[in-house]
Structure formats: C-alpha cells, structure tokens
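Right, one structure below, let's go through it.
Which chain is which? They are A, B, C and D, in the order written, and residues in each are numbered from 1.
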Amino acid sequence: MNAWHKGEAADELAFPKPKRRLRLGIAGGGQGAFIGPVHANGARLSGRWEVVAGALSSRPEIARQSGRDWFLAEDRIYTDYRVMAAAEAARADGIDAVAITTPNASHHPIARAFMEHGIDVISDKPLTVTLEEALDLVRLQRETGLVFGVTYSFSGHAMVRQARQMIAQGAIGAVRQVHVEYFQEWAMDVADAWRLDSAKGGPTFTTGDIGTHAHHLACFVTGLEMTALRADFLVTGSPKPKEDTAFMHVRFAGDVAGTLMVSQAAAGTQCGLRLRVFGETGGLEWDQENPEYLRFNQVGMPAQIISRGLGGGMGVEASRFVRMPRGHPEALSDAWANLYTEFAIAIEARRDGRTLPEALLRYPTVLDGAKGMKFIEAAAHSAAHGGSWTDCLLEYSAIR
Amino acid sequence: MNAWHKGEAADELAFPKPKRRLRLGIAGGGQGAFIGPVHANGARLSGRWEVVAGALSSRPEIARQSGRDWFLAEDRIYTDYRVMAAAEAARADGIDAVAITTPNASHHPIARAFMEHGIDVISDKPLTVTLEEALDLVRLQRETGLVFGVTYSFSGHAMVRQARQMIAQGAIGAVRQVHVEYFQEWAMDVADAWRLDSAKGGPTFTTGDIGTHAHHLACFVTGLEMTALRADFLVTGSPKPKEDTAFMHVRFAGDVAGTLMVSQAAAGTQCGLRLRVFGETGGLEWDQENPEYLRFNQVGMPAQIISRGLGGGMGVEASRFVRMPRGHPEALSDAWANLYTEFAIAIEARRDGRTLPEALLRYPTVLDGAKGMKFIEAAAHSAAHGGSWTDCLLEYSAIR
Amino acid sequence: MNAWHKGEAADELAFPKPKRRLRLGIAGGGQGAFIGPVHANGARLSGRWEVVAGALSSRPEIARQSGRDWFLAEDRIYTDYRVMAAAEAARADGIDAVAITTPNASHHPIARAFMEHGIDVISDKPLTVTLEEALDLVRLQRETGLVFGVTYSFSGHAMVRQARQMIAQGAIGAVRQVHVEYFQEWAMDVADAWRLDSAKGGPTFTTGDIGTHAHHLACFVTGLEMTALRADFLVTGSPKPKEDTAFMHVRFAGDVAGTLMVSQAAAGTQCGLRLRVFGETGGLEWDQENPEYLRFNQVGMPAQIISRGLGGGMGVEASRFVRMPRGHPEALSDAWANLYTEFAIAIEARRDGRTLPEALLRYPTVLDGAKGMKFIEAAAHSAAHGGSWTDCLLEYSAIR
Amino acid sequence: MNAWHKGEAADELAFPKPKRRLRLGIAGGGQGAFIGPVHANGARLSGRWEVVAGALSSRPEIARQSGRDWFLAEDRIYTDYRVMAAAEAARADGIDAVAITTPNASHHPIARAFMEHGIDVISDKPLTVTLEEALDLVRLQRETGLVFGVTYSFSGHAMVRQARQMIAQGAIGAVRQVHVEYFQEWAMDVADAWRLDSAKGGPTFTTGDIGTHAHHLACFVTGLEMTALRADFLVTGSPKPKEDTAFMHVRFAGDVAGTLMVSQAAAGTQCGLRLRVFGETGGLEWDQENPEYLRFNQVGMPAQIISRGLGGGMGVEASRFVRMPRGHPEALSDAWANLYTEFAIAIEARRDGRTLPEALLRYPTVLDGAKGMKFIEAAAHSAAHGGSWTDCLLEYSAIR
C-alpha cells in the first residue's frame, strides 16, 4: 500500500473552510457565449462564490439582457470593463475577483485594468496573444501580489491531481515518455472564426486554443517543464489561413521524450484530450472524456483502474476535492468547481494576510499562462522553420 | 434519421428562462450529512436557485454552525422545521420551496408542515415510511395544487431522458424485457444504521434505499408501470435485521417480463445502477457510473453509442438540458441540476398561474414517490410469503 | 503478491508433452453444421489432434461430400455411427476418441456405441435429453474407465481458469453472491427449430441450450454445486411452444445466493454470457465477449484488470494454457483448443496406464454433463409449479 | 444501408473450397522459438494445411527433438534449409510452401533457396535486412511467378479488412489524417538480443520489428502509400546501441498527413498497436488488443461499434473469413488462419493454373515486404539526419 493509497489528508493539507461567499464579476459571457457560463457554473458548484457583476457585452442592450439572465443587479451590469473595475473597486461589497472570458486579445488589457484596481484575476487561456503581454502580467502580478489564476480547466479534475501526485511520489519511476493528444472536429469546416484573426486570437489557431491545454496538462501531471519542440503545422480540414492541426515531437526537462498532437479537424472526435505517461516501472493513462478513471499499468502486474472517490487508491491531493463518493460520477463542472475552490482559498488567504502551505494549492497561475504563450510562439517558430527544434522553456531571466 | 436524431426543440418544448433566482430552504443537511449538500449543489449548478434558509439540525449549536457553513443569514437558521415553515411563509422574501433531506420517517410530517403553509416541496426518496403516509401526501398535493418533486436523481440524467424518449418513439419496438440492477458494497459490514431501524427507515433496508431508485428508473425509461413482483430478501453481508440484498422477478403493464436485483453487500461495487431494456427490434443499456453513454443495439446493425451533447443522435427532451457540449462530460451534479431546473420551472409557472405543456417537464412527483412506497410494501409482503407473486401497481382508487 | 501472481507451474502441474498426434472421429458436422467445425478447429489448434474419420451425415451423398470437405479418407467416411464405432475400433490406426456434435437426442446412443467399443468420448452439451440417460452414461463411464469429456466450451478460457483458481485460493474471501446471465437474440423470431422438438432437444429450449452453459460456468468458477432453484419460464420473442427466456433465483452449497438469467430473445445481444461473483472481500467479473480480461474488484482498492498472458497476475492453472503472450489476444477457438488439450492428455494417460495429478486437468466430465441434466429437469419442474423452490443437486446415490 | 452492410459475398468474391490439405514446411521454429508455432497454429486453424517438414534448427539434436514435438516424420526433419529445399522439391509429396520464421538475416537466402526449387514462400517480416535483398526477392518472384506471402499478421484480422473496405467505399470520405502507434514494453530492460545485432536484425531495432507492422497496417487500411517521413530515434529504456523508440511525422499519397509512433520500452503496455484514420466525414479506430471491434465515428451521429460476425454491418471482404458468429470472439490465431487461408487459395490456384479475381485475395506480398524495407531505410536515414523529411515511397523503377 503506497502513500497515495491512504487518502487521508494531514491537517495542513486539508482545505480551509470559507468564511464567506466570495463575489465574482465576469468580463465577457454575453448571450450566446460559451465559456462565460462554464466559469459561472464552476464558481456556483464550488459553493464558495456568487456572481454579482459583469461586463458581459460592450453593447448596452445585450449587456442588460445578459445581465438579467445572470440575475445581476441593474447597477452592476457594465458595458465597459474599465468602468466596472473602478466601480467595483470603490464598492464596499465590490467583487473579490474578475473572471475574464473574452476573446484572447482583450485578456491582457482587462487583466491589467482589474489588477490596477487591486482586484484578483481569473483568466481563461491562452493567457494573451503574445508572450510579451503575458510577461507583462507576470511582472504586474509579482509587483502587486494579487492572485492570478488561469483556467486550464482539465487540471481541476481530481484524477489529474491523482496522476500528478502518483508521479511525484514515484509510482511509475522516472518518467521516460510523455504523449499527449487533443482531437476535436468542430473546425473541420470552419473558414471564419475570431480565432483565425491574428489580432483577436494570436499567431496560431488550434495550437493556441487546445495545444495550450495539452501542453499544460503534460507539464502539470509530470511535474516537468517542456524544454524544446519541433512542430509541423497543417490544415487538414477546410482551407483556412492558420493551422487546424499540429504534430510535435517534444522534450521535457531531463531529456524526457514525448509527442504532442492536436487537431480541430479530426472528424468523428469530440473533446479527445488524452495523456499517457510511461516511466521506468509503469505508466498512467487519462482521458478527458472519461475523467473519473486513471489507468495505472505496472510492469508484470494487472492493470489498475483507479476511480475517483475516497478510498480506492486515491491520494490526499485528489481526495480533498471529493464532492461525490466513488461510483457517483463527477465531471467537467466539478473540475471547474475545483479550480474555483482553489482560487477562493488563495484569495481569502491573501485578503486575510495568511500564508498557506506551499503544497496546498496547485491551480494554474499567470506564470503557467506565460509558459503557454512561450509554447505557442515556439511552435509557430518551429513550424515556420521546417519543423526545426526550438526551445520552449520560459527562461526566468525573461520575466525579471 | 429518426425523430430522436433531430435534437431541435420545437418552441413549445424549450425550457422557459427564469425570471428570478428562486429561494430554497433545506430541511436536514447538518454537518456530516451526505445528501443535503448534494441537493444544494444541484440547485446551485442549475443557476436557478439560491439556498437561503435551513432547519439543518434540531441541535442549536450544530444548526448554527451548519448554517454558517451554508452562508445562511442568522435569522434563517432554524432548529425546528415547523418554526421554519411558519416563519418563511410569513416573510416577503420567504423560500419558494423546501428540500427535505432528512431520514425517511420525518419526510411526511415535514412535507405536510410546509405544504400547509403553501410552500412547494422537494423531497428525497423513499417518500415516506408507509404507503398510507405517501397517499396522504398525494391527496394533500391534489388539494393544494402545490408542486411536489421527488429526487429520484438518476432520472435527471440527459441520457436517461434520451432513453425514455427513444423507447416512447419506438426505437426498439414494443418492450419485451426489462432488467435493472443496483449493486453497492457499503453495507457489507454494516450492523447499525438508521436505515435498519424500522421507525426511522421503514419496513425494508436496501429495497427502500436503492430498490426504489431501480424501480423508478425502470418504469420511467420504459413508460410502463410495474404491476407485480416476487421477491426474495437476503442478508449476504454481515448479519443484520433486514435484507441487504433482494432479487425479484417482475411484471410490467402489458405482461412485460423483467428482473430487479439490488444489493448493498456486493463487495467491490460502488454505485452500480444499470438498466437494460430489450424490445422487438433492439435494446438499450445505461449505466449510472458512465452516465454520458447510452448503448443502442439494433438487430442486425452495429451497436450505437449515443453520447450526450447536441447532435450525435440526441433528441429534444435530452437536448434541452445540455450544459456542456458533446465530449465535455456531465455527471451526477448535472443530473441533480436538471431536476432542480424542472422544479424551478414548475414552481415559477404555478406561482404565475401559467400552465405548461404537459410534455415539458418529467420530474418525479409525489405520485411517483407513492408508487415507490407501494413497491416497497409489495416486495416486503412477497418476501415474507415465500416469494409469492404480489401486486405492486398503485390503484388510483386508493388515492381518491 | 499472492500465489496466483506467480505464474510458475510447479513441475507436477505442467502439462505433459504429447507423444503422438491423436486421431479424432466426428459424429455430426455435415455440411451446414455449426458446432462440428468448431470442435475440429479446437482440436486442430491444440496441435494434439488430427481429424481422420466421421459419420457426418446419415445421407450418403452429404456424408461423402462433407467428408471430402474435411479431407477424410474415403473409407473413413461413414453414414452410420454404429458402423463407424465398430470399424474404427477394429483398425490399428483407429480413432482415439469420437466427438459427438449431433442434436441432443442422439448423444446418448452414440456415446454408448463408442464406449462399448472402448473408444473415449467427447460430447457436446447438453449431455442427453433426460437425466436418466445421463446417469446411464455416468455409470457406463465408471464401469469402463474411459475418458468422457463434455464441451462446456467456455470453461476452456484461460481467464475462466484464472477466476476459478483465484476463488479457490481465497482472493475474494468466501463467496456470497453469484450472478450469471446469458443473453442471445437469435431465437427472437424462431418458431421452428429442432431444439423446439422435445424428442430431439429435450424438455426445454433455452434452458437446455445455454442455461446449461450458465449453470456450469457458475459452478465451475466458484467451485460450488448449485443446490436449489426457482425458475420462471417465459416466451418473450415470437410465440413458441417452449421457453425462450428463463429467470431463476438459485442457491449454491453453503447457502450462497444467486441469480441465473437466460434468453435467446434479447434483441440486440449476441453471445452475452457474463459471470459476476461477490465474496467477502471483493468480486470477480468475466464476460465471454471480451474473454481476455478478468475484472477483480477488492474492497477499498483500485479495480484490477487481469489480462491473459504470462505475468500480469495470472496463476499456474491458466498460465499453462498460454498460446500467445499478454496483449496478443486469444479467443473462443483457443478455449476449445484448451479443452482438446486436456482431453488429449487424459486420453494419452489412460492409454498408457498413467495416473495424472488430480489437480492437473479440469475439463468437464460426464458427471458435469449429468449435473446439467439435473439442472434442466429441476428448472422445468419449478417453472411448471409456479416457480417453487426445487432441488437441483445431483445426489450421488442416484448414480450408484 | 451502405454496401458494406450487406455481408453477402457475390459468387466471384467467395473463397473457393480447397481440394486437398496443403503441406507446409517450416524454416526456424526450434524449441523455445516464438513465432514458428504461431505460423503453425494459424496454418492448422485454417483447416487447409498440415505441417510435414522442417529445418527447425541447424543443431541436429535440437532439430530432431523439435521435429518430434511437431510430429514430423524422421526423414523430414532437416538441419539445413538447402537440403530441405532440394529434398522436398524432389518428393512426390513434397511441401507446397515453406514458412520462414528465422531471424531476419536468413530470410533472403532461405527464400531464394526454396524459390529456386520452385517452392512457394511465406516469410515473416521484416522481409530482409536490406532493401537491396528485398528487391532481389521481388525480382525473383516476378521471374518465377511463385506465390510469396509476408506475414504482416494483423492484416489478417476480419475487422482490419472491414476497415479497409469501408475506407475504399468512402465510409469516411477522403482520408485526411492517419495515426498509427505500436507500444510494447518487453525491451525496456533488454541490452542484448539478436535484433540489436545489425548483421542478424538489420539497421534498426524497434522500427524494423514493429514499425514495419505499423507502416503496413496504415497503408493497408487506407489504401495509400506512405511517401515521406521524418523520424526521431530514441532510447527510452535501458541503454542499447539502437533505437527502442521512434516518433515519426509521415505523409501518404495525396499529401495526407499522419504520425507513426513505436516503442518497445513503454512500460505497462503489451501489444498496443492502434490505428486511427480521420476522413472528411468521419473516422475509424482499431486496436489490436481488442480486435473484434471497429469504432466508426461519423460527424453528427452516434458512434458505431462494428463487431465481427455476419450481419451487424460487416462487408463481404471481412465476412468471408468468419469462423465464429458475432459475439463468439475470434482473435490473433484466427488472423493468422485468415492469412494462411489466402496463401492456400493463391497456391492452389497457381498450381492449377487458375487466375483468381484480383479483388479476391489481399494477403501481403513480397512487394509489401520490400516497401517495409524502404520504410526502415528511410526512417534510419532521416533519424541520422536530424529528422529531415525523407522519401519512403518504393519507386517501381527500382524493382525493374
């Protein structure tokens, strides 16, 4: 029985109870938006947040109507995020954090605006459209000490945490190979989308949209930084000005080999994010579409299917998220709720001036977001240079 | 392409938007409680409810501490549900509904108390401890016209709705066999639990606890009433005064044959509720532990795996619940949120005096709860009489 | 690491090498026959047999043509099994065993004919059409000492042996529940078949055809005799004079509870034989359609998927059958080959006058065949008496 | 209902019955050998072959003992394949074909020796150790007109044939992406093996051993030639002089993109050969470890699980191999038997001077073997040149 079988949180690793429900503002998320409601659902399900304000659209009528759908008070429905930042900062009951759910290009100015008013930030990914912008946010976060979470949402799954802890504790020995893939079909016939416009979406299409998820998941679970990559960019769906498919060979710290494949023109797939890690003594597999199960293969042993829930081989880091017992499935809303739980704990502690144990929270930060931008730029550079090996490690000197 | 492939809600079958967030009170759910928070999570995730009051415990200190955990205002933390019913009914901002999450024996008096104050009721299952009590609630609901929902939670899964619609539309032809099973392990070594005390839990143990889920799911999906059963009650775990395992042969309307198996002493299982329906031309299978998939087997054809999300063969009744697109998994919290969505729609309509299309809502009602009590009593009677065939159809005359 | 993890055959438990290829005769298996070629494929794949003679049909032209398809010498193509038995017994190179693959009613006379000529018998199931006939064969086998194997083919799967050994060695503690089911669809619309004719098929239809497989598998894997049953017989497919569906509650030695369900009118199923055993500390699941995997659930542990092949948790009894390594799948032909391997070892030993270690061979015998007939008759009796509890244990006194 | 749903073989596409059992000789396969018995099992299970001669070892004692294990006549146990070729060619009952199951380096001289004596050849893969040798065999086969089959064994699976036919008939539209991977673990700790010796195994280790399987499967199923690749060779297991892992980006005819990943140091895997093809309108997935199922994903439709067996969506090319009905699983021995069936049909036709319909047989030939050698050499060249894009299409001019 290894350590990750215990499932008992030492006191210092248990999550503190909330003292009050935090107030969340939303930027983006007007009628028809996809990801805004996903943030809100996660926040609500966590039981630690209420959504109280929003700059849901720059168009007044849409903002007003959307605000009503979200049950916002009329005076907290904004059409300009700058106005919202100032107004909320001035209220006694102002928002504790803003969730940025707009297209990529506005992440940077919105984040800056709220941080400048002392408001903690939760941003969707990719963090920005350039690495430079991302580094600017990293520096600002360091100066201000604000909480800055980035919603690499899949890292909120309990079984992803379980995989991370198992690898950290040596369950598969030293990591030898890492394979991550993310297949979708929705852009098969897409010729026009904001993500195809570099001004709004950044230099890449699929690499920025889901490649960053794959990059983060692989690094998060293995605990290894990705150091280099070679990328081929392809259009395998309808003609479009940017890649809808990218294949990469990658290296992680310690010269660990791997591959990363992403496509949004893989007909017949939905949201096929899958990670496989091979180590010296075994391997782990996790599939986003069936997130409750972690397959643990040890050399010379039967395969184990570790399933979420107390007992059953789950360790402390995953166990403290458990909302439903084993066999009562959780899923993507729960993963979002888990991230929003961590954001809330971090924000409460910052506001109270408390320091939390370092190992308590593992939510993705602005630095993780910047690493994602470095990955995007490196991939685009490699693809433009015949798939040549390109460094993708974010040098810490760059952010000083 | 059959009708259930269309996935487009005719206008009259779309869910109306909420006008305001409804206010929910909780009875039960003090510290350490399991099912109270599950109700609350479903309510929150639906985006249509906020939890504002509670009689979380009869012990003042526990009630107060639990109420704070729930972020309730001090004056809405009660220790007596009768006081709560009266007080909330008197408030302008009183609760719109009470969720009853206490042990079985108090469901009846609590439901009565709130209904007598004109407050809509959401009760956990089994509805009561006797059929007589259940019929009393059915009659009271008819007299008052109040909304009375029962949380047979698994009927909230989108793919359960999909199965229901497909069978109703003839996807597998006339139903010929229905097999439902529910295996858990938690009572393997249980010798003491409130469910074993007849005064608190009713005449049966496992039959009332999870047999009622199995009974409801089978009837709900097939659209058939269960008419008769023969039951063998067994103790297969540690010695205990009531059955922890029951095997039944059952009949549904139209002389459709089936089996129902439940055990809470099936070592190595978690929450293994599984339904299989065989018809003239094919069959359907659904498994609670992997709720996003519905297996559709047609004679002479490849098996189909219908997965939740717009498109992909999902019909209108399931589609209108979709929170996350195909491939982005939903799970049990979402099923609860779906039921709480229906409860909210029904309650808003009742309060507004609007009549909804009959096919719009399919949440389980107090009548379904009473049918569950009839099932429990019939099973207990059969088991006590050597497994003799026993009627379990609730005669409508009984409830006039 | 338990004993079943070792996968090393002690010398006395290794299978002896064959000295020569044995000669097999076939009764039945003319053109269009299903099960005759299945026997032959298993025999060939075992590498220990060649098919050299056959009474493939009583019609000369069909027998001759079928014999050529089987590459039989002209003088060993018979139209009468009695002639075959006598002629083969008289040849120096006569057959070592006969495989009886005819309809049920002729199993008894054919088996008798060959045994009377001193020829070992391999019979398909069900063994006969009455228990009395079966007991006659048991007695004759005891008198003659001949080898008499019965092809309950699923017991030849390596993972079925693995399950048997694990239970025998206590992997799940004492057995508490046994559930076996066998669902097929082929008789959904069948109104006419020799199995429906009592003279040819015996007293039951589905119970005899696949119920006996389910009965044998459950007893074989658990090591427990079935002692009593209550059966409901149903017609759920097209009208027919016998049951195409049967549901049973059963008891095994030691008052272990269980269920047995069979149907050949379960639309959308193929060959759905599935066994689940729940013990004190865990459970095992095996599914004939995916025969390489054995799911091993232990309380409080991750599920294990034991897969066939050396290492990986397989014990000695299964390991000695391994034809292909782990990950290189075996299937039904391999299961038949495994039984034919055991038959060959038994027959060689008998002819050489060698005694084999008792635990070496576990192929089903004439006695297992007789137990199957007792099961059929008990089920038919129970169904005819309102599903009353009926003994189905074969009393050893009955066969003296 | 598309054409591949029909499952009825037009007469010209049905397999002809054999006239006699063909005689197979084996080169290689002495005691302890792995692949020799696999060939023999496939040949036996096909029902069309008997193994009658062998050069099982060059060491007389091992040859003799191995020959007895194979039940060979003493005078047909050889220690030199040249002697065997001459002697068998001289016998009236000489072998119809030789199966070459030796290490790679001897495939070429053995094949030559038998072809020079007019004996048809069945060779294991990779075909030779150099492309030049392979082309020599291609030319010799063209000169002699002999049958020359290569055992890319996975192409014998019925569901692989089904996938090939579906793609050829447009089930997924034009192919857009092809991903093939093959993960094993056995060489994790291997530092010494004949495959690591270039003289015996050729220029690569894993690429030649299992990369060729992956290459053939991808080309066979899609009907597309691989035209170019870029390869990174890695050692991810214990130190060894050649790659145990290779990652490739590949191109197929028509500029179709893909990836190919192989490793024999992927701890926790067994025989993980998996193919995914994405087309314009859907995708297909096949996994060697569960070979009876083909997953067919169509845009906007439920996924289909096509399972082997008549009906159920299987087309004629797969159907004519069916040994067991749907739900009665076949596996790897059956795939080998399928190839040996095709070899037998081709050899009988050649000996009879009959011409078969071109679409009847699809077994891999010496030309496929040569393409595999081109692939190996291209991969080694690319890996040695920094993963540069390298042509891997076998130019037909090269083989004139």
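Note that in this section a contact is a pair of C-beta atoms (placed from the backbone, for glycine too) under 8 Å apart; a residue touches a chain by one contact, two chains touch by 3 or more.
In this text, all values refer to a predicted model and were calculated from it rather than measured experimentally.
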Labels of chains that are neighbours to chain A and to chain B: C, D
Most distant chain from chain B by Cα centroid: D
Pair joined by more contacting C-beta pairs (B-C or B-D): B-C
Inter-chain centre distance, chain B versus chain D - centres from mean C-alpha coordinates, in Å: 55
Between chain C and chain B, distance of the C-alpha-averaged centres to the nearest whole Å: 44
Residue numbers of chain D (touch at least two other chains): 269, 296, 303, 307
Chain contact topology (line, ring, star, complete or other): complete
Chain D residues touching chain A - in the complex, by the definition given at the top: 172-173, 176-177, 179, 183, 185, 188, 230, 232, 234, 236-237, 245, 247, 249, 257, 259, 261, 263, 265-269, 278-283, 296-299, 303, 387
Complex interface listing, chain C residues touching chain A: 5, 296, 300-307, 311-313
Interfacial residue positions of chain C with respect to chain D in the complex: 17-18, 20-21, 37-38, 40-41, 44-45, 47, 50, 69, 71, 184, 269-272, 288-292, 307, 309, 323-334
